[in-house]
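In the two assemblies presented below, chain A is common to both, partnered first by chain B and then by chain C.
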Partner chain A sequence: MTDATAPLTTTDGRPLKAALAAAGARARRRALFLVLPLLIFVMITFVIPIGQMLHQSFYNPYFSRNAPNVAAWFAGNPVGTEPDEAAYAALAEDFRAMQAAKTAGEAATRVNYTLPETRSLITKTARNAGDLAPPYKEAFLAIDKKWADPAVWQAMRSSSTAYTSDFYLIAADFERAADGTVQKVPDKQRIYVKLFIKTFILSALITVICLLLAFPIAHLLATLPMAKANLLMILVLLPFWTSLLVRTTSWIVLLQQKGVVNETFVALGLVGDGNRLNLIYNQTGTIIVMTHILLPFMVLPLYSVMRVIPPSYARAARSLGATSWTTFRRIYLPQTLPGIGAGALLVFILAVGYYITPALVGGADGQLISNLIDFHMDKSNWSLAAALSALLLVGVLLLYWLYDRLVGIDKLKLG
Partner chain B sequence: MKRLLILTTAFGALALPATADEITVMGWGGAYTASQIEAYHKPFTAATGTTVVSVDSDNPATPIKAQVEANNVTVDVAILEIADAVRLCDEGVIIPIDPASLPAGVDGTAAADDFLPGTLTECMVPTDIFSTIIAYDASKYAEGEGPKTIADFFDTEKFPGKRGIRKSPKVTLEMALMADGVPAGEVYAMLETPEGLDRAFAKLDTIKADAVFWEAGAQPPQLLADGEVVMTMAYNGRIFNAAQQEGKPFDIVWDGQVYEWEGMSIPKGAPNEAAALEFVKFATSSEPAAKAAEFISYGPPRKSSASLVGNIQGTDQPMSPNLPTATENLTNALASSLDFWADRDTELGERYNAWLAAN
Partner chain C sequence: MALPTYADPLERAWHYAYLLICGLIFLFLIAPILVIIPLSFNAEPYFTFTEKMLTFDPEGYSLRWYDALVSVGMQAPDAETGWWADMWRNSTWVRAAKNSLIVGFWATILATVLGTLAALGLSRPEMPYRRVIMAVLISPMIVPIIIIATGLFFFYSNPCSILATSCGKLTSTYTGIVLAHATLGIPFVIITVTATLSGFDQSLIRAAASLGANPRTTFFKVVMPLILPGIISGALFAFVTSFDEVVAVLFIAAPDQQTIPRQMWNGIREQISPAILAVATILVVISIALLASVELLRRRSDRLRGVTGR
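After this line comes the complex of A and B, so read on.
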């Protein structure tokens, strides 16, 4: 018997605990080297761009860095201060610098995001910066009377810091009034909140339809003999291997007014020639086409889960007297939950960010928030596009968290 | 990305030292550049002995900005859209060209009066004009019964059927107001007032139920060909090509057209600035501008060119009636306003999208 108080040692006399820790650390370092390429890849292609996107959503230095003098005046005077001669003089100084460096365009664009119609005001005034002379206030008003508008000064004030929450305000349909208070934008201008809600509702609807369509197919695939199942599997995968644009365009051919579906209905007398169905260039089109495109993402996880459910469980339930409905509800369905969870999460997250399909077949009311993000990317308003994307990301993460709480992410089975 | 561009352009410059009697023109490629080579480059070389090298780009505005920032400019003349030209001008990338230094038209009209109103700026000398118009399928109407005015586009009682509308407020709002009876000259003044905007959207409301919205320029000819719409807003060049090359029975309503323009600019630090300026003056004078229009249905921006345009290349039909700039097509036409859209692009984009989403 060894002495109970003496620590365990290895044969060369080192304490066993330390030797074990050292060996473990070596193994961990080796493992780290193996995952390092992936880690670097994910950092470069995913984490850093998303970080930059988030940064961009509240960072826009184009006015502040070109107008340091007036920014200093704003910093020294509280919101609502009537711009005095010193303010106009500072602005004149900045405009002269902008004119020399040819940066009035980018500075004006930033202010214009907060208040429309200020872009031409600023570029015009900067072009005439050489003529600005004291008294500055009169000189500015001579160029354009809009310089007396407190809203213009408020817009410059909120643009005068590089870090700003302006873009999140805009993305939530809010704006800053002339006195600096936050208010809702006019009814006719409100779009983002509505579109966010619509995006989430449509995505949920598409997920549900996908589930209803995929469940029987996956069950069939899982229970058929291998040879037949493989053939059917190819039918599921074939569209998956076809280009997204080709599939979307084919749906246009099928669903349009003079398309295959409508022509068939008219020929069969199901609808009159004058009342052809509006199946595309609207919300219906978006739902039909996106359901088709996302269906394989639901079938595959369901199939992989269903294949390994032993048929003996259902048989046992039936032999113990359960009806077929009870067997399905109590025995089969609970076992497919990991597949349903994985499929639903995949389809939903893909649907929320979909952009090309709604753009092509969505018409007026089938657009999603991603189409507006694209719109602002196109107009080089990257900060607003980033803010909208960030909100979308937060929405998806919230749902993911909810899913984890309700179902448990460890129950997910992707295949 | 920008740094990479600067690096590649810097190395590109080492490889191609420009000689004194050679200038490099950067264009957009395709049929558009082909028309310019025939109408501008070849005659210029014949007249002056200066060789013109043509290089293509997706949009020359991007490479010339990178070249100027890298201080390594290889391009002497760039073909730009007016919106890009004005932006690059504000950023100091372009050498201003004094409009007064341009040659007068063949009929002796001074350049400032010869170019269509609003098109000539010191940032860019216009070379051609393209337009958004209303196109319709002529086979759907009896001879002479088709739509004739912009108001007909909005008249679904007289002309039942679906309408193709651009999924963007630009041009759409202008057309709505003109259809509502606002003279072209007052459209932008009216759009700057809240009442004017409401009026434009109210007019659009009247055809919203019959509207099919399109995004890419290739869509409207397709929508017409498929019978999906009976008329549609479209770019005139696309409709001309479909009618000319594919024999589609498409016709154009020029009333209420909204035109934009492209042209030539000289980047700061161009290796052969003097010859570049000569080239710009030559190419934008009356005759070459008219010649280019025979190859592609973009109109010459000079009024004095209009009578000089000959037949469509390879046919014996006159090109003139197909150009946005033909006198009879300009009776009720509007020049797209740069300042208006630079100021209100985002705001009106939001409102237009809100209008689209509302039921």
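After this line comes the complex of A and C, so read on.
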């Protein structure tokens, strides 16, 4: 008999508790060690690049670093101060430096983002920087009357710091008034919020259509015998494996004015030869093609949930007198909810950030927020593109977090 | 799904309507992919079935678009001698295919090796912070591609800027494209390999150890053969992801670094010609082959792991 109060030890005399803890720590380290190479890789090629891009959305030094003197004047005088002779003198100094270094263009571009149509004012003044002589205010006004406009000075003030919230204001359809207060832009110019809303509405619509199309076939696949179901499953998986560009191409071929669908409709006499349907290069095209591309992402989670629903529940309901509709509504549908949630969230997340399909078949009114980001990248308006990306990213990550909470990413299945 | 014998006429009618609806949805899924195959053999430069095609007149069909596909960019497409060498070196689409294959190959290797290692770690019960790490590793699949491409565009122009130094560029390099595509392929490898490992019987490892195998032998002789089908499916997914990726390439590659999707993208944006359908047909055939391999692998994996059915 051993003494019950003595601590348990391993054969080499260490306390068992400590030995177990050490072994557990070792096992954890070993597991982490296996993941570490990939984690570092993803950090470098994914997390850091996106972090840098986000940095661009509130960091734009192109005016502040080229106009240090006037930036110092702005820092020393509160918002709303009337620009005095010292301010104009500082600005003249900066303009002479910009002309010498040929950097007026990038500085002008930065101010232009905050107040459109100031680009030419700044480049013109920089070209004539040699004429600037005291008294500076009169010299500036001689070059252009706009220098007396307080809005121009306010735009320069908000450009005079490298870190700025201006681009988020623009992305949310706000602007700074001449006295520095934040206000909504006029109704007609509110494009960004509208496009965000449109992206969300179209994605929701596509998600609903996908659900309506996926539900019947997932149910059929789940109730058919395994051999037949596997065969039919190929029809779902083949689109999944086919190149996105191939699928987009075939839809263009099918849906265009002289395409297969229109030709068939004309041949059947459903539409006249003169008024063929416009099915592509517009919002309709975006919806049809994206539905086709995202449909498998809805079918697969629905199928995996429906397959394990025991058919005996429905039979029990029927034997207790429920009609087939009641059985479906009260017994079957509630059991498929996890699949509906998983599929709908996944399709919605993927749809919100979609780029390729709208770019190719969206025409003018079928563009989504991703396409606008691309547009601003193309125009080298990087800070605004980054601010729009940041807003989109926040939305997508929130949905992703929700997906992880409700479904769990480890439940994600591919085929 | 058989109709129960107690079904009334209304239910019977609904049942057949339901089957019809399902048939139409399957048609919606598959028809767009199949319809381009015959259209790519069109003898006319149209995107619809001509009279001759519908009556199966051989004159309505031709290989002209496949011919056009190969001869674009060739110096002497009609030459008798040196045709093959000319095609191999100069044909625009052949060069794009070579680039796609090279990029896809290296991206797949990178994604598969790193992804499999990580999946092995993630599947261990003692893995700390599993949920967060998994979420980070899967996120390249979830984050919109335009955001990833934009980030890479800034990052690649000076990869060392975060260390406040300069070390060349990754834009316009194949290395840059490979790294980007590997990142995009990683989630697929993680998902397939962890799915295979989820059914893995951990006692096999202890059995191997008790029989005297060291961890390396255990991995190569016991674990690896069992999860190999999952690894190969993951690799195929990663390859397809790279082979079909166009947005990152548009943002970070040089204009002369063409890949097949980029060529298609340009073709669709500028002037869509039936030659695109010929490429599309070839790609559909490839995806059928890939799907078949993955299906076979999945069945093999299920059998090896003793899982029956789906």
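What we mean here is this: the second predicted complex is superposed on the first by the 344 of 415 C-alpha atoms of A that agree within 3 Å, B and C clash if a C-alpha of one lies under 4 Å from a C-alpha of the other, contacts with A are read in each partner's own complex, and residues count from 1 in each chain.
We take it that a residue touches a chain if its C-beta (ideal position, glycine included) is under 8 Å from a C-beta of that chain, and two chains touch if they have at least 3 such contacts.
Just so it is clear, the structure is predicted and the values come from calculations on it, not from any experiment.
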Inset, instruction - Name the contact category of A:276: first (chain B only), second (chain C only), both, or neither. - result: neither
Legend entry - chain B versus chain C as contact partner of A:392, first or second or both or neither: second
Inset, instruction - Name the contact category of A:65: first (chain B only), second (chain C only), both, or neither. - result: neither
Legend entry - Touched partner set for A:37, first chain B, second chain C, both or neither: second
Inset, instruction - Could you tell me if A:146 is touching chain B, chain C, both of them or neither one (first, second, both, neither)? - result: neither
Legend entry - Touched partner set for A:256, first chain B, second chain C, both or neither: both
Inset, instruction - Using the superposition on chain A described above, determine whether A:189 touches chain B (first), chain C (second), both, or neither. - result: first
Inset, instruction - Could you say whether A:123 touches chain B, chain C, both of them, or neither, answering first, second, both or neither? - result: first
Inset, instruction - Compare chain B and chain C by how many residues of chain A each one touches, and report the one with more. - result: C
Legend entry - chain A positions touched by chain B in one structure and by chain C in the second: 256, 258, 360
Legend entry - In the complex, chain A residues that touch chain C: 24, 27-28, 30-35, 37-39, 41-42, 45-53, 56, 213, 216-217, 220, 223-224, 226, 229-230, 232, 234-239, 241-254, 256, 258-260, 263, 292, 295-296, 307, 318, 324, 349-350, 352-356, 360, 370, 373-374, 377, 382, 385-386, 389, 392-393, 396-397, 400, 404, 409-410, 412-415
Inset, instruction - Would you pull the chain A residues touching chain B in the complex into a rising list? - result: 101-106, 112-113, 116-120, 123, 188-191, 194-195, 198, 256-258, 281, 359-360, 363-365, 367, 372, 375-376, 379, 381, 384
Legend entry - chain A-touching residues of chain B, taken from the complex the two chains share: 87, 90-92, 162, 167, 192, 201, 208, 211-213, 215, 226-228, 339, 342-347, 349-351, 353-357, 359
Inset, instruction - In the complex, go through chain C and note every residue touching chain A. - result: 1, 6, 11, 14, 18-19, 21-22, 25-26, 28-33, 35-36, 39, 46-49, 110, 114-115, 117-118, 120-122, 124, 126-128, 131, 133-140, 142-148, 150-156, 161-162, 179-180, 182-183, 186, 188, 191-192, 194-195, 237, 240, 243-244, 246-247, 251, 261, 264-265, 268-269, 272, 276-277, 279-280, 283-284, 287-288, 290-291, 294-295, 298, 309-310
